[in-house]
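Here come two complexes built around chain A, the first alongside chain B, the second alongside chain C.
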Partner chain A sequence: MTFEQLVQNLDAQFSGKLNCYTEYKCNFIKVKDASVYKDVLKALKNDASFLYIVDVVATHWPKKKEKFEITINLFSIQNKLRIFVKVAGEDNKFPSITDIWKGADLMEREQYDLMGIIFEGHPNLKRVLLPEFFEGHPLRKDFPLKERAWFNNADEQGLGLKFSR
Partner chain B sequence: MSYNNISEVITVNMGPQHPSTHGVLRLVVDLDGETIVNVEPDVGYLHRGTEKLAENRTYHQCIPLTDRLDYLSPLSNNLAYCLAVEKFFDVKIPERADYLRVILAELARVASHLVWIATHALDIGAMTVFLYAFREREEILDLFEIGTGQRMTSSWIRIGGIRADMPEEFFVRAKDFVERFDKNVDTYENLLTNNRIWKMRTIGIGHLSAEDVQDYGTSGPLMRGSGVDFDLRRDEPYCCYDKFQWEIPVQPEGDTYARYKVRMKELREANKIVGQALETLPAGPVMTDDPRVALPAHEDVYERMEALIRRFYIVSKGFKAPKGETYQGIEAPKGELGFYIVSEGEERPYRMKVRAPSYVNLGALNHMAKGHMLADLVAIIGTNDVVLGEIDR
Partner chain C sequence: MGLIERKLPDNVLTTSVDTVINYCRKSSIWPVTFGLACCAIEMMACGAAKYDFDRMGIIFRGTPRQSDLMIVAGTVTRKMAPVVRKVYLQMPEPKWVIAIGSCATSGGIYNTYSTVQGVDEIIPVDFYVPGCPPRPEAFYDAIVALQQKIMTEKVIRK
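Showing the complex of A and B:
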């Protein structure tokens, strides 16, 4: 199955709700209507053999109306085809896809940690790379790079220490 | 009071300073007696914020950052990043550069797999292999030192080609190494493949089915060890792997022993590719002359004003990538290593996401370890082949 055939099949099912394009040799499927986002992913997994989940990427666009964007990177080993499913939203809440692919668990946790996306329905949404008392989400564009407090000044472990510059 | 029916789950901390966790991996293990109920990896001790750093650096300046991801095979990381940036420009890479990239990436694979077999066997209790494998790895690092000037963080693969051609000594010694290496793999296999203790410690341990590996997104030898015939070098071709004769090892069993066999076969196949590439290495330049990405050569800089200006411009300000998004994945030693780059038409990437194979493979750890004994967890971490530099980024 080529990308064109896949787009035809999807258009029959979700007409007018998808925007499919190819850019720099990568195939993108932009879900315009966020309510069918998980149905598209389920259809891709069950009907189009996209069994292998590669990655979940979140992007922050503070100047756009839809401030957050999720890109799911999928690969079909049967058809040797890679696609990127995109969905954008005004706030940082997106449905979790851990019920479709188990591997999305750790990928979504990382995006929550670094980008502050709340994946609704995720079983274990907590920080993974940064310490639990870290404030803010560093990959956001409005995260301050300078003049930042040293973690927070609270004494997390109750050791009687004072953190200051 | 009877102690027979007491089944109490206790939580044990393993790492981050534990010899078998290969770095700073901390595991919180729930145990029922000696049986593992649940494993939760706690990572991030080595977090350096590579993705955020990349947003404030030019495309050329990002290359040294990629070295520090999977520090056992830095050249694979360079390759993945440079291929991703080159996708924006559709650069034509000179043939010799393509061949040399393949040679470097495959030697990096051999070096990475040698560290894997050394530490994996050491964890399980076979110490001899460690010494033999590190002897060969040392030779590869020497080769890198001759060819690229650095043993580990070499940054030798650049956008548009490679930094410079290798000296003659590199090719002579690489050919010598390739000729001898197959016998060295025989040595490791003699020590392990039919070893009764090795088989008892690995057969049936850490099972992953063909559905599981795709569901968890685990790639590389973990996927091929579970009977999924998938290799990005063949299925999404990059560089010039189609010019060489080689095979993709696949084992259907899905346990630690199957993955061991896959990786041992991969050592031989990688060696085969290096041998063929050295035999058929074409002559020519090693850097593209595409002015959009390539630094002008030093000879031109000394003689031509435009080249001097262009070089100064690229070094000080960087080149602009067109607007858009792209992704390039390569078959790194640990699995699919990918760089997803979002460009806003500036000199710096707007967003760079590293798809680190070790991080994703770690997601399947709990599934692999459940129901096994605590001692088997050491074998499962070893077969997962994690590198913490890549997990924490």
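Showing the complex of A and C:
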């Protein structure tokens, strides 16, 4: 199955709700109507052999109306086809896709950690890279780059460390 | 350091003992490798065939308990900071520290939300080697300087 055939199948199912295009040799499926977002993903997995979830990426666009965008990188090993499914939203809440692909668990936790996206329905949404006592989400565009005040928030191993620089 | 404080003066006996022990110490520096980022690759290159630190008696150890030198090579993040301190505390006396690379000496290019601005905020550092990463020659220079420093130290007494 090529991307063109996939687009035909999807358009028959979700007409007018998707925007499919190829740019720089990458295949994108932009979900315009967020209400069908999970149905599109389910169709991709169950009918179009996209069993492998490669990555979940979040983007912060502070100047746009839809401030947050999720890009899901899917690969079909059977058809050797890679697609990027995009969905945008005004606030940082998106449905979790861990019920479709279990492997999205850690990827969504990472996006929650660094970008502050709340994935609704995620079984265990806590920080994964940064320590528990960190405040804020550092990959947001409005996060101050040199914010190091949190260094002294905790002395997690009781060693009496103090940071001043 | 110093078990006997200000009781034994410098004389032929004490300084000879110092010299012998210091000579042994400087000829068998066993560093614990604390490779945290790209500088660690340079440290491995120093240990490999071309620069071959083994010929100076430098044998990299995987544990702090067998080491007397800690080589902090790389970016120290806030999350890693307690670990660096803990490994340093586990080393037996006498112990020295070399900070390799601009990251370990000052934070380097990572003036950011997660990087400790210099490992000397956590542990005392004897020698700083600038560079991103420093060439093995610079690394070597720090080792030679450390050997000279070891030769000036007094053993047991202060």
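Everything that follows uses one rule, which is that the second predicted complex is superposed on the first by the 147 of 165 C-alpha atoms of A that agree within 3 Å, B and C clash if a C-alpha of one lies under 4 Å from a C-alpha of the other, contacts with A are read in each partner's own complex, and residues count from 1 in each chain.
In this section, a contact is a pair of C-beta atoms (placed from the backbone, for glycine too) under 8 Å apart; a residue touches a chain by one contact, two chains touch by 3 or more.
For clarity, every value in this text was computed on a predicted model and none was experimentally measured.
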One more residue to check, A:31. First (chain B), second (chain C), both or neither?
neither
Q. Is A:48 touching the first partner chain B, the second partner chain C, both, or neither of them?
A. neither
Quiz item: Taking the superposition as given, does A:130 touch the first partner, chain B, the second, chain C, both, or neither?
Solution: both
- Classify the contacts of A:10 with the two partner chains as first (chain B alone), second (chain C alone), both, or neither. neither
Query raised in the report: When the two structures are overlaid on chain A, which partner does A:159 contact: first (chain B), second (chain C), both, or neither?
Result: second
Q) Once the shared chain is lined up, is A:144 touching chain B (first), chain C (second), both, or neither of them? A) second
Chain A contact check, chain B vs chain C, more residues touched by chain B
By the touch definition at the top of the document, which applies to A:87: first (chain B), second (chain C), both, or neither?
neither
Chain A residues where the chain B and chain C footprints coincide 130-131, 138, 143, 145
The chain B residues in contact with chain A across the complex are 43-44, 47, 49, 51-52, 56, 87-88, 90, 211-212, 214-219, 228-230, 235-236, 324-327, 329, 336, 338, 340, 342, 350-351, 353, 355, 359-360, 362-364, 367, 392-393
Per the touch rule, the chain C residues reaching chain A in their complex are 78-79, 81-82, 85-86, 89, 107, 111-114, 116-118, 121-122
So, in the complex, the side of chain A touching chain B is made of residues 23-26, 28, 51-55, 57, 59-60, 71, 73, 77, 80, 82, 84, 101-107, 110, 114, 127-131, 138-139, 143, 145
Note: in the complex, chain A contacts chain C through residues 130-131, 138, 143-148, 150-151, 156-157, 159, 161-165
